[in-house]
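Structures follow.
In what follows, chain A forms one complex with chain B and a second complex with chain C.
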Partner chain A sequence: MARRRFDPSAPIFALFALLLAILVFLPMGWLAVFSVRGPDGAATLTYFAQLVTDDEMVRPLIVTLIVATSVSTLCTLVATPMAWLIARTDMPFARPIRLLVMASFVTPPFLGAVAWEILAAPNSGLINQVYRLAFGLGRSDRLIDIYTVYGLILAIANYTFPYVFILVANGLDRIPSDLEDASSILGASRWRTAARITVPLVLPAIVAGTLIAFLQAMNNFGSPAIIALPAGFHTMTTKIWSMFQYPPQPGMAAAAAVPLLAVTIMLLHLQRAALGRRSYAVVGGKGAQARIIRLGWLRWAALAYCGAVVSAAVIFPYIALILTAFAKTLTITWAPEGFGLGNFEFVFFEFSSTKPALWNTMLLGVMAATAGTAVTLIIAYVTSRQAVPGHRVLGFLATAPIAIPGIVFGVGLFFAYTHPPLVLYGTLTIMFIAFLTTELPIGYQQFQAAFRGIHIELEEASRILGATRLRSLRDIVAPLITTAVVSTWCFIFIAAIRELSAAVLLYTANTKVLSVVIYDLNENGELGAIAVLGLLMLAVTFAVVAVAYRLPRATSIPTSA
Partner chain B sequence: MADVELSGLTKRFGALAVVDRVELKVAHGQLVCLLGPSGCGKTTTLRLIAGFLEPDEGTIVVGGRKLSGPGSALPPERRNMSMIFQSYALWPHMTIRENVAYGLTLRRLPADEIQRRVAAILDVTHMSQFADRYPGELSGGQQQRVALARALVVQPETLLLDEPISNLDANLREEMRFEVRRLHDEYKYTTVYVTHDQAEAMTTADLIVVMNRGRIEQTGTPRQIFEEPNTEFVARFLGGTNILRGRRLGGSGPEIVDCGAIKLVCERGRGTGETAPVSIRLHQIELHRSQPPGDGRNVAPAEVRRQVYLGATRDYLVALADGTELRAVTPSDLDIAAGTPIWIRLPPERCRALAS
Partner chain C sequence: MKAYRTGLLALALSVAAGAALAAAPAPSPLTPQLIEAAKKEGVVHFYTAVDLQLAEVVAKQFEQKYPGIKVVVERNGSERLFQRIGQEVTANIHNCDVVNTSDAAHFVRWKKDKLLTPYVTPDIADNFAADQRDPEGYYANWRNTLSPIFVNTKLVSEAETPKSFKDLLDPKWAGKLTKAHPGYSGVVMTATFQVSTALGWGYFEQLAKQKPMQLQSATDPPRKVSAGEREVAVDGTEYLAFTLIEKGNPLKIVYPSEGTPMITSPAAVMAKAPHPNAARVFYHYIHTLEAQQMLVDQGGLRSVHKQVKEPSGRVPLSKIKLLPEDAVAVEREAEAIKRRYRQIFGT
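And now, the complex of A and B:
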């Protein structure tokens, strides 16, 4: 008679679920409480009333809507043709362009904003300097001013369009070209086929990309903090941040976070519906080679177009950062003696914040990446193998943070861990919790995809031949999942070391991270030091990305909010 | 004594009983096919035997040892079974040799013994020259042979096969059917084989178990299942058949069923209840240009609706006076044009009354 030995996995997973639930819902619960609790402790709706009546609150709301709508429209209009040109035409240099789009994708938006500040500040901006020099104009003349709503839209769109690009390009890659051939054989012209077959099939991806771009723009804190604040206006995220400055208005901040949360949840839902309902558009796998459309001489026009976009997003900003890092003064003189290593000396040997911030950033990055990889690996295994009852709950908990904007989560964490019994404010632990929780969905998605590729029968085959569950995990699953483990670690690490919006609410003097230091330096106008630190951050990022992409099997880019 | 014995085996997913009170005895060395359409519970039954699932009711006893019961299931690795999966489940990161040797390594056999047995089984399955390749470098048929080798090399007490050849193309499938049977005759493991393909079941099985909606419809030798189906489901599932329905006239002697346009004397089978379905195989219906001589039993006028020339045979669709359509397969030299009035005869010794 076989007696089943006590299975410890069920209580362990229950504990796991509880821990995750606390991680995610405790901050959100406190956020809800603070948003309806007046200074006297009684329940009140004044904050929400203020949100729609007080001009101080309504204006940021309107600005945010304008910015997010403009950014998502702009990104869709710019990135959709780009994706089509690169996926479906004989445009030259498609591969370098694709790589530059990826570079824009991994560039922290706040760093891009700083670079655009260097390029297009009204007086010192490089573009304006060149403009004045070229036309012999006076000091007050300018071509472009980044400190405007338009400037902000431009600065955000430059680092948001890759979301649309990736979704649309993947969508196009997956349309089997026999669907298009079927239309051609029935007599449709090339353009008619594009209009009636290709566009409708890829439309869900375009819609999803637009929604994601909207969310990215709406929940972006770094870019408006760098561009809108000096320009004298607020978006919702900077407004929320300002309520944690003196005098603090926690209740108002909590209430202001609610619309961001609500819109994010709603749009993610719409996005899923857009991608989900017409999923036939993306199934069918790699059929025949996609048909390449010949553009003739137009392909040089296409290249110019794509080149312009990546120049604005990557080439010019990176050049600006490099020049600034080596420049001796803010006003670049273009003469060789105007360049030196002074900024590097300052950052690495004189500036006291560098070392602790680097240490904190690396420590948090490694810890969040390691813990996040471990946790999501286990959750994805459990949900994909349906190993325990209630596995769906675990999956939901690991996905839920995707719907919580960084700044909103920062506000929630601030409330949850600033009073007993859990006083974590001012510790690295609270930053760790913030980074870990916000990056869970990335890891979970990666591993879900990976486990989908490892047929459960591979494990069963080893079980039936006599291997225990642990043994088959070691012999079969572990070797097959290694690639996904490394790439997931890399993705979480990159995301963690650039996180600003939650960090900016949670840091104290001892727990500054790189992104916060860059933000601080910007307030003091230390662009040279920022450029050095920014380049350092980019170097680390690209090194880690290179590791992830050199792995034997290609991994997918997470395309989430 | 039965080597594998399932009693009252039941598995529910939610409210649905996917496997419903299944009773089955498989004798030592026998090859049993679980045959049925997708969703009939055959794969679930196999996975219960393997120990990947735990039954809600009933027991599984193998060689006198109880392996599964509600709340107590020996894990798969302690059942001394082998299984061949629909996906083959060859480990992509191991060579063919490593794949095949894995089960032996788990059993802690000495290295030279492992080497000898792997070489022997690769020889039997004609895979020796591919020993150092990876599964991704083999064709579907070759992968299938590796899966067979990997399962057989450990000399299991019980061998389980889950639709092992349904992913192969038609020619290879036919070849592998005989290969499975050949290897079974060579090693004589007690084998449970799941398939939805009746030709596969006919070729390989000692015993066929036809399953439908989680239950066993009928168990028997291939010949019994084909010639003596007890239910309409079994008659339809194995080989083409015509089903006519009618009122039972009762009386002693052979069953007589009144189907309206034709009254059928059924010398085989027995109905239940008021009405009964009658089964007659396509190739057992006789077509006559004029009224056939004889006692006139099971004869009726009909009309040819259409006919198709298929080389060795012709496939006819004929209609009785009341519009009931029947399919008949005849030698191809019987050529009667569509629209021609004819007579058909359903020989009483071929008509089988079924339980309703």
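And now, the complex of A and C:
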């Protein structure tokens, strides 16, 4: 037996694991410390006691649960039929609808919330104006009021339902048609087949989608920050953020972050259990083309339904943003002289934050995407090839951030890097760490899927011929996964440039990013400037999405929390 | 005239005040060497709570006058700026050169915490009355504004227009009011102190029953009333309203009969300013007659610079009943005010 050659990759991976562990657990450790440390430095449980007894804390907790439950229910009820219609029926314009769902998926929720403010503010909202005009009603009549709990639910659901849609649509794609065919051949009616075969097979995906929607809604910061405050209530995320106002209450903020963290971890566990069942259900892999169900005249009703959903999520909000971007005054008048380029002039030539924020955003996006792609590529490789002892630890570390809500991670980072030995607060580095860590799971999921498609034999051949592991990685694996690399890069980039909940706690004046600038402008009521910057952000996002989708192999959509 | 002390008497007073306090530094002239050194630094970071668009105008005019020195505007609510500077100082970050908020209490605190540097320009020494600047020269009042009531003229008839804060408690205004937040806005922090002192906290408890739409920045209520989102604003900045009215928005200012809160907004040079020379040149500039007159003419602010002329068409300050200001008390009670406000209004 040949003597084992020293493999230089092992210590590199060990170092990697250590670095990742610090990235993820140092902030969380500080969070834990602060949540039980009183002002005098002694251990205390008063913050947790306050969490369940103080009305100022209990109310946001209840509101958050109501919002998250309603959003996930609504999303599931709306998106499941949509996914089925698009994946399995002859509904016309399925492709444009799918693209619009993707547009909703990449729209930053805070931007969607601002757009919905413009649409559905109780008095000045465009929808209410049109409604009053159409029915000749008075000022006190309104169709919809965004500054309410249900308004917030609506605003969040519009940008959360794509998670359910994508999971269910992918689930439907994966169900081999032979099973449904077998059912039909055995004499079952179309509906019986649907009820007995299709629904049970796709149920895990529906459950997983519901849970993800719940988490998205619960941990959302941007939408409630824009809608809940004028409405006069807090959710947990806005409450945590408000604790960093003067005088800051870091201990209380840390304690308040714990329920979010606990619920997220619990639900992710449930989700894995749900999706785990799916794996044996799709043992056949992707079979023949799915049977397309003919809807007859109903297909127009189906289109109307899907059209209504994407109108609420994308078409109307985008129109509202475009109108606002070009409007000269605060009230949008329909006369042509009411429109001009004043807001664009202000944003691009007068507003001194635009250029640095744009630069910071792009820089951070590129850095986080590049580093994130590299890191997750290596981890996914190691875990899929089980290359080093303890590879499971690496996999766990790359997935762990999914369980940490953005605002919670922001709080943790704030504690970890605002005091010695490592003072990073106020630098782009801390933002980079935040973006990189929170986007690790997206990249990891992408590459895991990619590596499953490349058989290990190829590398083994290369190793037998004398190449080191790093070399076979470079010469054999790298060329085969270029597509996955590019798509992962794009996904991390998009996720990073829209990040708000961690950024809002970590930025300083010269490390501002676009999302924070938009958020600040909202507090100032500068809707015109927000609309211009928001459209700019969407343009960049769509350009990057277009690159990702031009790639030869269709990529799966990450479903992170 | 309460805030404007003009003429020889005031001059004599300020000279006397200056003589009494030996600690106040002599006015520093704007020397070519200073400007040269500022140009080498190339940039000044201006943390301000003034309305963003106006802040950018100040920046632009300064840049035109002193080419080679860029102004980076960090605009945020006063209370948010206060918290941000505190956070940055704790982390040993010194990013701010010149600071301005609408909560004079902040300057009391910052001076105590030794975050400011004493610096007096000739304009401040000659044209700002003694009660408009720190006796030891750590800060000077940069701008004033009022926080009156705002009414949308399209939605509210002349006859129905409220005349006082108490009028807003009429049930007919339920759901039709909006206001900004003292946890965010220094203007509203000061106004909340003044109104609660004059009318008692019971006033706010009753006001909360009217379910006002809660905004953050004091520049937002006049905007939301202009846009017709609500009929009446309980507070907000007068200066932005002037600008909005001049742009043709259906907005009217009402000075409540109980008295209108007046808010002074000081400015100061930071002790550890990263661009100390540029900071001083900028501090010179913003107190000049030219800059002050611009704030009044274009920005709708009130200035305490003695040579500034108030444009016609605005109610002069002397004709408005004002509520008394007490920065030291606000500094002392800020936390309690915010807590009380949260309890009453729910956010």
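The rule we apply is simple: the second predicted complex is superposed on the first by the 533 of 561 C-alpha atoms of A that agree within 3 Å, B and C clash if a C-alpha of one lies under 4 Å from a C-alpha of the other, contacts with A are read in each partner's own complex, and residues count from 1 in each chain.
Here, a residue touches a chain if its C-beta (ideal position, glycine included) is under 8 Å from a C-beta of that chain, and two chains touch if they have at least 3 such contacts.
Since the structure is predicted, the reported quantities are computational estimates derived from the model, not experimental observations.
Of the partners chain B and chain C, which touch A:Val199 in the superposed model: first, second, both, neither?
In the superposition, A:Val199 touches no partner, neither chain B nor chain C.
Among the partners chain B and chain C, which is in contact with a greater number of residues of chain A?
Of chain B and chain C, more residues of chain A lie in contact with C.
Quick one: classify A:Asp520 as touching chain B (first), chain C (second), both or neither.
Only chain C; A:Asp520 stays clear of chain B.
Go through the superposed model and pick first if A:Ser462 touches only chain B, second if only chain C, both, or neither.
first
With the two structures laid over each other on chain A, which partner does A:Pro248 touch: chain B (first), chain C (second), both, or neither?
second
May I ask you to decide whether A:Ala539 touches chain B, chain C, both, or neither, giving the answer as first, second, both or neither?
neither
Which partner chains sit in contact with A:Ala182 here, chain B, chain C, both or neither? Use first/second/both/neither.
A:Ala182 contacts neither chain B nor chain C.
Please work out whether A:Ser353 is in contact with chain B alone, chain C alone, both, or neither, and reply first, second, both or neither.
Only chain C is touched by A:Ser353; chain B is not.
For chain B, which residues are in contact with chain A within the complex?
50-52, 66-69, 71-83, 85-87, 89-93, 102-103, 106-107, 150-151, 154, 160
Which part of chain A faces chain C closely enough to touch in the complex?
56, 59, 121-124, 139, 147, 229-234, 242, 244-248, 329-331, 346, 350-353, 356, 418-419, 423, 425-426, 508-510, 520-521, 523-526
Using the touch definition from the top, list the residues of chain C that touch chain A in their complex.
45, 47, 51-53, 56-57, 59-60, 70-77, 79-80, 82-84, 86-88, 90-93, 95-96, 155, 181, 183-184, 211, 213-217, 219-220, 223-224, 226-230, 244, 247-249, 334-335, 342-343, 345-347
In the complex, go through chain A and note every residue touching chain B.
1-4, 455, 457-458, 460-469, 471, 475-476, 479-480
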